[in-house]
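In what follows, structures are represented as structure tokens.
What follows is subunit A paired twice: with subunit B in the first complex and subunit C in the second.
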Partner chain A sequence: MRTKQTALGAALAALAVLCAMFATSASAAPAWKFEGKALEGSEVVMGGAFESALTIPGLTTKCENFLYKLSIKNESGTGKGELTEMPLYNCTTNSSACLVNTIGAEALPYPSHLATFGTANYVIIEKVKVGIRYKGEECALGGILVSVTGSAGGEVNNTTEIATFNSTTLSASKTELKALSQKIEWSGVFPTEAFQWHREQALSVS
Partner chain B sequence: MAQRTGAKRLLASLAKTASARALLALAVAALCLFAGCGGGSGDSADSSAASQDQAAASPEGGGEAGATQGGAATEPDKAASGEGTKNAATPNGSSPSTSPSGHGSRLPQPKGAPEKAPTPQEVANSTVADMALQSPAIVATGGELGHLASTYTCDGKDSWPQLQWSGVPAGTAELALYLMNIQPVEGKLFVDWAVAGLDPSLTAIDAGELPKGAITATNSFGKRGYSVCPQSGETYMFILYALPQRLSPSQGFEPRDFRQEILAISRNAGLLPTVYERG
Partner chain C sequence: MHKQRRRALATACLAVALAALGLAGQAQAKLTGNYTRFAQCPYTNLAVIKCIYSVTNSGEVVLGNKKVPIEKQVVLQGGFGEEVEEVSPFFAATNGITLSKAPQNVPGGLAGIVPEASSPPLVKALIKFFFENSLTGLTSTLELAKPATEIRINENALAGEFGTALKMPVKVHLENPFLGKNCFIGSSSSPIIWNLTTGATSPPAPNTSISGAVGFFEFLEEGRILEMKNNKLVDNAWSAPSATGCGGILAFLVNPIVNAQLGSTTAGHNTAILNNTISVASSAALRKNNAENP
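Now for the complex of A and B:
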């Protein structure tokens, strides 16, 4: 009788340990939070950079403003999202002969999720496809449409509520954007905030 | 035994067989999960209820933010005026900039309309950079452009490196290769090398050699052939154009005019950027 009780106790203890392990691993994935509380339901956040540069090999293309709209939610404790809009404003190149004819996100929406690498949390935008068509009679790339494809990881700073995308964050988050078969750089500093249910609330990721 | 409770009696009888013990373990595990010990942050469990709560709190029209013109372009204005979006936390729709928490809108307010994205029709009418053009002599490392060795400039043999390509679309009648400066010279496109009349079945040319039938342009140096000779440093672009019909220019053709003819009909190109720094 005592043996059976001991065995039952041991089984319960083992289950408790398994439960605790499962709970720990699940909470390791970062989630979207507002005022320190995990987002329930969905929210729309927008990020906007005052200047952002996309370096197509050989031709740097800068945009004065670069916004993104992200529909976010938590799924099983992990932050997910969909980038649904990404308008760019006043884009120019570093060549006096080349103008940006058209530039914009294609094949929206882009899936996204939160991930932790090292001690930092990142928002990962996947399946990015940005088309850029240059014009200019004296532009070597005039009339040519170049596509930027891949994924991009931006580091989320919970204090400043800013997502920063640059070569360091792309590398740290194991993401890359490519154009003309080459890895390219994208840099931008995006203050990010909610625009639906949690407007004015502190956005964080943990 | 008589002092056992009904539950203990049930447990004891269930524990008599191995399968019963397994059943018991499953039941305990189910109880454990139900109690929430494996739920992580528990967001998913609460999300549906939360959604319902939010739906109940939802203002009519939702006020979802938009990031396109008329969306993002105007959204900060909406946020400032309390229009367009409403917040369960701030039912009065007060301006973010006056928020006691200091979490006001810090997004840029873009001037003018957003850039136009390429439309499907524009994509169909563009020369799309979808062919792969490479050279074993020009290798990009990380985000850096591949360097052109001096042997391929006027500091060396001044002839082209080996080039290879793939992805030439079916139905291509002719290929044309160009090498151009990214930055114009005296406001004009500077063509260092242009070759037309290449057979569409070709997938490479050797360094300094051209296949039979190749037609060479007079470059911007006034030389019929290839020359890369910048004053200091320069970024260049090799471009391979696939032509759906033969244009057959004559030897020594004018490459800038011919390029306009190419762009009018070519829908596929391969690009290879490179940089040369003297000294």
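Now for the complex of A and C:
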């Protein structure tokens, strides 16, 4: 009888330890850090995509200049932010029939936050809305407004200071972008660099 | 003199023959591959910007008490022009078949006896045999009530799941030996107007809101053709007029019977659900494909 009680006690203790561990990992939301120290106040991170592509099955759109301006801060130990600018220039498609007539971010700013999934840290951009109009006499999509909406999660690499967005990171961060009412693929590789108070300081997320 | 006339006549004949050959060559020019489905689009008309080929594979039309499943394919084809305030005018198919006529079986036939879903298979088979045969069976065919030019398309509404994507004036042709050949619900002067949407409807009661869907987009021929699979167009806010012309000279007796069978067909009692694959092509791409394949 005593053996049974001891076993039950041990099991409960183990459960309590496990619960405490999970509680710790769930509460440890990542924060923005410069030179290993948590950001105090706010900072502006800017950059341009090394590469980016948006694909609706059969039609891929690439932008040579995909810039962004992200205002960041930590709130209660968690990294937050707002994407305030996202100009897109020199955009082309893989189609000989369709050209990009207009493309632009709508309804800015987009709120953002940091999150951990598995062992990786992600920057999540929410409420994304980008409008694209294609043109071309032979383009079947000509005249139709393609609205890209949803949220996108990019994995932040602290070593390279690069945020990578692709189908794997969007899936891992439980985010998705939609256009024409269907899930679309978007990939982008963005450098993260402070341009206000922490110029040339190493930016990390942890 | 005589010889000269003959020579002139021969030359003229030759010219006519050559011209005819040339025209024949032009007429034989064909669309190829993915473009062939648009063969009946008036794409040579420069006012036509895009062509549409929509196949309704399933769905249902509920008219009052009668629910008719769409079991036979219905094709809507033609072209549409430059949009005016987001709505594009429609151009009829070149073969005159803008909306194909596919008689759909009305469950329960003329008597309207439909077995319960839980009925034994034998009961279902017997009811089908007695009430859906060539004599008592009833078919319902959707037809355009007005010229194809009265159809309207809003591409942005179609792609964006809001508002009216396709406006069609239609009538329903009921066919059965007893009803004669002119039994219709809806006419050119009093058409049923379908305001089909890929978004959500706002019908009057007793109907409640239902939703369509744009489906899955795919681009073919490097963006020259747009294909929407699993597209769903719906409208359940339309009204239908009373039946007319049923029973030939006995219409004054038969029309009320048909109307009684249908029950109320005012707005809120009817539904159209069309499950489609919609293809849209640029007419310039079709002209190019045609020119490349003389």
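Basically, the second predicted complex is superposed on the first by the 178 of 206 C-alpha atoms of A that agree within 3 Å, B and C clash if a C-alpha of one lies under 4 Å from a C-alpha of the other, contacts with A are read in each partner's own complex, and residues count from 1 in each chain.
What we mean here is this: a residue touches a chain if its C-beta (ideal position, glycine included) is under 8 Å from a C-beta of that chain, and two chains touch if they have at least 3 such contacts.
Since this is a predicted model, take the numbers as computed values, not measurements.
Once the complexes are laid over each other on subunit A, subunit B and subunit C cannot both fit and instead clash. Once chain A of one complex is fitted onto chain A of the other, the partner contacts of A:S96 extend to both subunit B and subunit C. For subunit A, the partner that touches more of its residues is B, with subunit B and subunit C as the two candidates. In the superposition on chain A, A:A202 makes contact with subunit B only, while subunit C stays out of contact range. Once the two complexes are laid over each other on the shared chain, residue contacts for A:G58 go to subunit B and to subunit C alike. Residues 57-59, 95-98, 137-147, 180-182 of subunit A lie at the contact with subunit B in one complex and at the contact with subunit C in the other. Against subunit B, the residues of subunit A that register as touching in their complex are 1, 4, 7-8, 11-12, 15-16, 19-20, 22-23, 26-27, 29, 31, 38-42, 44, 46-50, 55, 57-59, 63-65, 67-69, 73-77, 84-91, 95-98, 100, 102-106, 131-133, 137-147, 161, 167, 179-185, 191, 193, 195-202.
Listing the residues of subunit B that touch subunit A in their complex gives 11-12, 15, 21, 24-25, 28-29, 32-33, 37-44, 46-47, 49-51, 53-54, 57, 62-69, 71-73, 75, 79, 85, 87-90, 94, 96, 99, 101, 103-108, 110-119, 122-123, 126-130, 132, 134, 140, 142-143, 145, 178, 180-184, 187-189, 235-237, 239, 260, 263, 269, 271-275. Listing the residues of subunit C that touch subunit A in their complex gives 49-50, 83, 155-156, 159-161, 198, 213-226, 280-282, 284-285, 288.
Interface residues of subunit A facing subunit C in the complex, by the touch rule stated above, are 56-59, 93-98, 134, 136-147, 180-182.
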